[in-house]
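Only one structure is covered here, and it is reproduced in the block below.
Letters are used for the chains, namely A, B, C, D and E, taken in the order the chains are written, and counting of residues starts over at 1 for each.
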Amino acid sequence: MLEVSNINAFYSDFHVLHDASLKVNKGELVAVVGANGHGKSTLLKAICGLTPVKSGKIRFADHDTTSRRAPHLVSQGLVYVAEDRRLFPDMTVLENLQLGAYLAQARAQEKRNLDHVFSLYPRLAERRHQLCRSLSGGEAQMVALGRGLMSNPTLLAIDEPSLGLAPNLTETMLQTVSQLNRDGLTVLLVEQSLALLKGMIDRVYTIEEGTVSETDTDNMQEVL
Amino acid sequence: MSDISKPDTSMIASVFTGKGLVRDSLVFWAVIAGLAMLGAVLGDSYVRHIFILVFIWCIVIASWDLILGYAGIFNYAQLVFFTFGAYGSAMLSIYAGFTPLLSILSAAAIGAVIGVVIAIPSLRLKGEYVALFTFAVHLALPPLIQQGKAIGMGGNTGLLGIPWLNLFGFQVSSIDKLTWYWVSLFLGALCVWLIYFIVLRGRMGLAFVAMRDADTFAQAIGVNEYKYKLLAFVVSAVFTAVAGGIYAHYTSVVTPKILGTEFFLMAMVMLAIGGMGRFPGAILGVFLVVIGNELLRSFDDYRLLLLGVVVVVTVICLPRGIAGLFERQSKQP
Amino acid sequence: MTQIFEILLSGITQGAVYCVVAVGLSLVYGASRILNFAHGSLYSLGGFLAWYLVAGGFDLPLWMAVLIILPVLALTGIGIERVIIRPLRGSDNWKINTIMVTLGLAFIIENGLQLVFGPGTRTIAPFVEGTLELGGITLSWYKVWIFAISLMLVGALEYFLGHTRYGQAVRAVSQDMQGANQVGINVNQVFSFTFALSVVLTGIAGILLAPVFLVSPLGGWAPFLKAFVIVVLGGLGSTKGAFVAAFILAVLEAFVIFYIGPSWAMPAWLVMLIVVLMVRPKGLFGVWEN
Amino acid sequence: MTQMSLTNVTMQFGPFRALTDLSFGIERGEILGVAGPNGAGKSTLMNVCTGGLQATRGSVVFNGQDITGFKRHSRCGLGIAQTFQIPTLLSSVTVGENLLAGQIFGHEVRGAAMDIPLRDILYLTQLEDQLTLPASQADLLTRKRIMLGAALATGPEIIFMDEPLGGLNAQEIVEFLQVIRHVREELGITIVMVEHKTRALAEIADRILIINFGAFVMLDTPGVVLNDDHVVEIYLGKKHDA
Amino acid sequence: ADIISLGAPIPLTGYFAADGVTMEQAITLAVDEINAKGGLLGNEVEVVTFDIGDLTPDKLAAAAANLIERGGVSALINGYGGMGPDIPAFCPYGIPYIHNDAVIGVIDLAERMGCNAIFNASDVDVNYGKSQFDMVLNTGHDFGTKRLAIVHGDFEWDINNAKSMAEAAEAVGWEVVYVQEVPYDTVEWTGIQSQIRAAEPSLIHLEALEPAVATTFLSQYKNNPAGEALLNVGYIGATPGLDDVIVQGQAEGILTFTLNAHQDNEAGNAFVERWKDAYGAEPSVSLAAAVYDMVNMWAAAVKQVGNADDHAAVANAIRDMKYDGLVGKFAFNDRNFIDNGSETQPAQLFQVQNGQRVRLVVGDTRVGDIVKPSWIQ
């Protein structure tokens, strides 16, 4: 479903990604792990059209999307949930969720998706009229994921969903992701620590100084 | 045990604790000496006039750079300080009979007061609201000066016939361009040196940079935000007011026109083209804009249009100003 | 009593005049946090174009002139955004840089206008003449129309920003550009659109107010500066704020002129501004924290 | 010996109460962990202690002095330092100058006798080699070290850290915990840290404070707290291994 | 033959550019004619302009250094060139400088500085009001009551002008029932006009050098006039700033005035024709002929002296020659300005009728008939 081959990405003249390649099949939950600052977020952003790619190739849903920007990719179902959440602070929870369904493709499913999000997170339903600025870290993360779901994704790229979350919430959050995956959503996930992902993921990529390598299934247990 | 006023900072070499100060100052004053000699050789009094303005502007722009570029406070009331300096100095020498040099110095005190007056409400505001508020003060000043007619501010006509500079008993008329060249060069250089080499390379400068880069963190390590922001306003206003005083005695006229848009725009453009918070960017900006503006003079009524084009193109091509250009080159050896 | 009422009414109609100028400025600030210093020049541009079509070069009826001018202004806005605003958006001190380029643009437009149309002052005839008697108070129909139009403009804008998806997108972009990108909003397009819209609004103001303020190359500065104070008082990014502030300040002005003297109008504005900002550092309806 | 104590502290944001009648004491020289669900009020609590916020009601007492209304920099002057979750530094100057700033301004508000020699700080934070590096180019771990170093340079008696381990991987966590431990052992500085990484907290903290909905839940040794059923229910989700 | 340079420090950009253009055109027309007739003392005359833009003080200092020191001009001519800052800038050079700033403060300053070569080629503000008032009475209009209301801007020129009119009115038994100073950005007049109506004047004088002040006042006044009061907008109505408004028929009925316009005689009409040939439009009544005359006056003085660079002699010649121009006689008094009057420069009063300025009174002679403005039923 997603195929990344040998991409290179830069911040001005700082080379972040070195010939990174990875592959996600339909229905999989694939994780990318690695120390901080090694380019996990950059990889996801590059895939989702939020950061330009200098060379290499990205194919999503049988199309070359290397130079496509985020709005187009979102319309194709490739949606990014940022580690720093990127909510609209002066809008309400509801407005943030509605904006997730900004594009026509998602607008059609808006009602259904909203119900889905609210059933996942009843807390958000309670707080639908609160401004996102004043949400706590956990609530904000729920809105971020919810907004991603509102875009009606076929592949959801989630960047460190557990960042700054309390242990119990981390667990719920990851369980939600796992559940979504089991319901058929393809997920590409970035995490710091694999311990939390035990038993959920199909495959793992490790990123080190911008170089990506696949950890084969045998080694996976070890890494975990 | 180290003495109370100074921690032992010798372990870390830094421009904020005097690294390279002597060397850089020597270079600076050598350049000034060069300019002083150049002034004598140049000969054309129109050129000298242009340079006199450049030197006065340098003070204004350096002060503005201090508060906007270094301290990161969006203050747009710079010409308010300038105006008060000009009026204050003019009125002191007209009505109180101060000798102009003394009244220019007294303008510094007036500047300090105005700096505090504008700082107090501004410090309650954040970010761009400071910009908007201070600019609003700028806008409201001409009508206030008009009301100041009652206290001898001359209303819309302004003050005409301000006494010329008196240097050791010699009257320096505004057509004595060479003497004015040296006087304004010296005063300008002194102010610029004080701003960039003493204030900004000392504790105050470090505090400004700290507040600009990370204000909460700065407070957490003991920077008294209120005190240093107030100081930023005051120091900036003091020097700008001195510049206003020099201007008033040079042209021997002050009118509310100095608050007009063209003057303000020019100042902004100098800062933009030079680059903020990167000495000597802003100073270069002054030279470039004033000289460029003169070069465009032969285009008469096309001049301001072309100036606009130059500004737009420069900002787009060099978003960090001329200073940014040097930075990039020095990073890529 | 009638007199107080008359002054109140004059303040309100004048508020509408200010409002028309201020909404465009507020909109572009609200949507992209660009303080457009060329606002006044674009205002003059609108006025001059209308004058040229109605009186200067052709003899078109005003409505036809407006129909021609609006797309021209929209294209101008798109062009400006493309050519001089967009390249700056990535730079770290873009807020100051945009102020600078729009200043440069102001130089270009106003001196361009002077070169093309000459430095003189122009006017166009108001599209409605005559007056309306209201309990002993005479009100010009023109002012009534401006009032209605400004109400309509602000109402439409408020509805657009608050209740349409595209309006939501405009606000979203102003709050978090990357976030907006992530949900599929074409950020560049939104910026172009809002800039174009603000230029159109400004141009409409220039046309509407040509009979009031006249048209001259530098004539846009005075209304711009007033609009500026209004936008600050109303709170950045709030069209509603600009609307309310325009009326507050205009009514204040009317009473100050009548009871204290016209020279005190601007100082009164400043005092008002200081008081409001001290109590509410974000202006009356400002939304941003920093 | 109690170094800082909070008595009935309440923090109100409009109609919303982020902290309610919170009372507890911090012992001199201890490492106190603070934990609790998201939105419990931990960051708010830190701010109330360090001066980022002034408590609406109740009092904060430090070394016998009521400091409830003090600003951040005045508290720094009394010996209260702090590091932030997201390390924002003086990005336009060098690493060394960041430390220097801590030293200079700390000295300004604290007075001479309190200086911690820079040599010690450099040794602890292992920043010697990076003094001339522009701070903007430092990686996350280094940035955290710099922030800690600058805070130490002010010569504090107590230091509040908001999620110091956030964003670090396992290896880095181990390293940074070592640094924190050294700060306490060698400089005798009290440490209060908010942290969601409970395993790390268990390892380093003397006591752990749990709050929920802005209210006190419990304050005890890690062993007790992390095995408490109520804490497990509201916060941990499942029993801690340790 | 050599070239004689004539300096023109004038505003070509900024708010005053409209008048600056008229100044430049007038100077150029005069100089072209001089050159066409063989030049001055056999030398070609060349005009050097310097843009003084928004008239900030340093611009005038720059003009001085540029035109006098660098350009070596023999004299400086402009209209109202600097409104004050021009005096300290130009005076120290002792070069002939002919202007019409027309503010008494400028005359005082020039005297104080001992500037013998500076000439204000018109009358000054403190007399403007009186001449206007005299002329308005001379129209033969039946005012009914003798009540005067004055609204004026906040420049010294406006203030002095208004004071002068008030004094003149009171001297002949009128009552000044209302005086108001307004800033130049005033555009909403409801409060002020309501006060004016309450004062029941029969003549309203509005003096402010900004077109929008006059037009907004007028358009709002027409809707709710103060009885049968006439409206005089003073000098601004004579400037190009109001041309478009007048042509479009939005200023019908107002009175306006200038001190030194070309006259409706053979020479004046010939001048109008030459101007039209050169620039394709009518010359403005406010500055065109006056500035044109200044150039020719200077040229005549140079001819008389025989040397363009003997500044003192040229200045003396200007002072003594009582040059006879299109706008009248340039008979300078001992303060280097000109007292207006039928014998010297006759002031002129116009009324806007059918989109044109029509002369009503020239000096003390009535030359046209006043028409009742539409707002008087």
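In this text, a contact is a pair of C-beta atoms (placed from the backbone, for glycine too) under 8 Å apart; a residue touches a chain by one contact, two chains touch by 3 or more.
To keep track of the chains, here are their UniProt names: A = ABC transporter ATP-binding protein; B, C = Branched-chain amino acid ABC transporter permease; D = ATP-binding cassette domain-containing protein.
The structure presented is a predicted model; accordingly, all values stated were derived computationally and were not measured.
Participant: Could you tell me which chains are in contact with chain C and with chain E alike?
Facilitator: Common neighbours, chain C/chain E: B.
Participant: State the chain with the largest centre-to-centre distance from chain A, centres being mean CA positions.
Facilitator: Comparing chain centres, E lies farthest from chain A.
Participant: Distance-wise, how many Å sit between the C-alpha centres of chain D and chain E, to the nearest whole number?
Facilitator: 75
Participant: In angstrom, rounded to a whole number, how far apart do the mean CA points of chain B and chain C lie?
Facilitator: Centre-to-centre distance between chain B and chain C: 32 Å.
Participant: What is the distance in Å between the mean C-alpha positions of chain C and chain D?
Facilitator: 49
Participant: So which stretches of chain C touch two or more other chains?
Facilitator: Chain C, residues with two or more chain partners: 111, 114, 218, 263, 265-266, 288-289.
Participant: So which stretches of chain D touch two or more other chains?
Facilitator: none
Participant: Pairs of chains that touch, anyone?
Facilitator: Chains touch in the following pairs: A-C, A-D, B-C, B-D, B-E, C-E.
Participant: Can you list the chain C residues touching chain E in their complex?
Facilitator: Contact set of chain C toward chain E: 3, 6-7, 9-10, 14, 17, 51, 55, 111, 114, 118-126, 131, 138, 140, 211-214, 216-219, 222, 226, 250, 253-255, 257-258, 261-263, 265-266.
Participant: So in the complex, which bits of chain E are touching chain C?
Facilitator: Within the complex, chain E contacts chain C at residues 13-15, 17-18, 20-21, 154, 180-183, 185-188, 190-192, 194-195, 211-212, 215-216, 219-220, 223-224, 240-245, 248-250.
Participant: Taking the complex as given, what residues does chain A use to touch chain D?
Facilitator: The touching residues are 34-37, 134-139, 141, 163-172, 192-193.
Participant: Residues of chain B touching chain C in their complex?
Facilitator: Touching chain C from chain B are residues 68, 121, 124-129, 131-133, 135-137, 139-140, 142-144, 146-147, 261, 265, 268-269, 272, 276, 301-302, 304-305, 307-312, 315-316, 319-320.
Participant: Under the definition above, what is the set of chain E residues touching chain B in their complex?
Facilitator: Touch residues, chain E against chain B: 12-14, 17, 49, 51, 53-58, 60-62, 64-66, 69-70, 83-85, 87-89, 92-93, 103, 105-106, 109, 112-113, 154-156, 159, 183.
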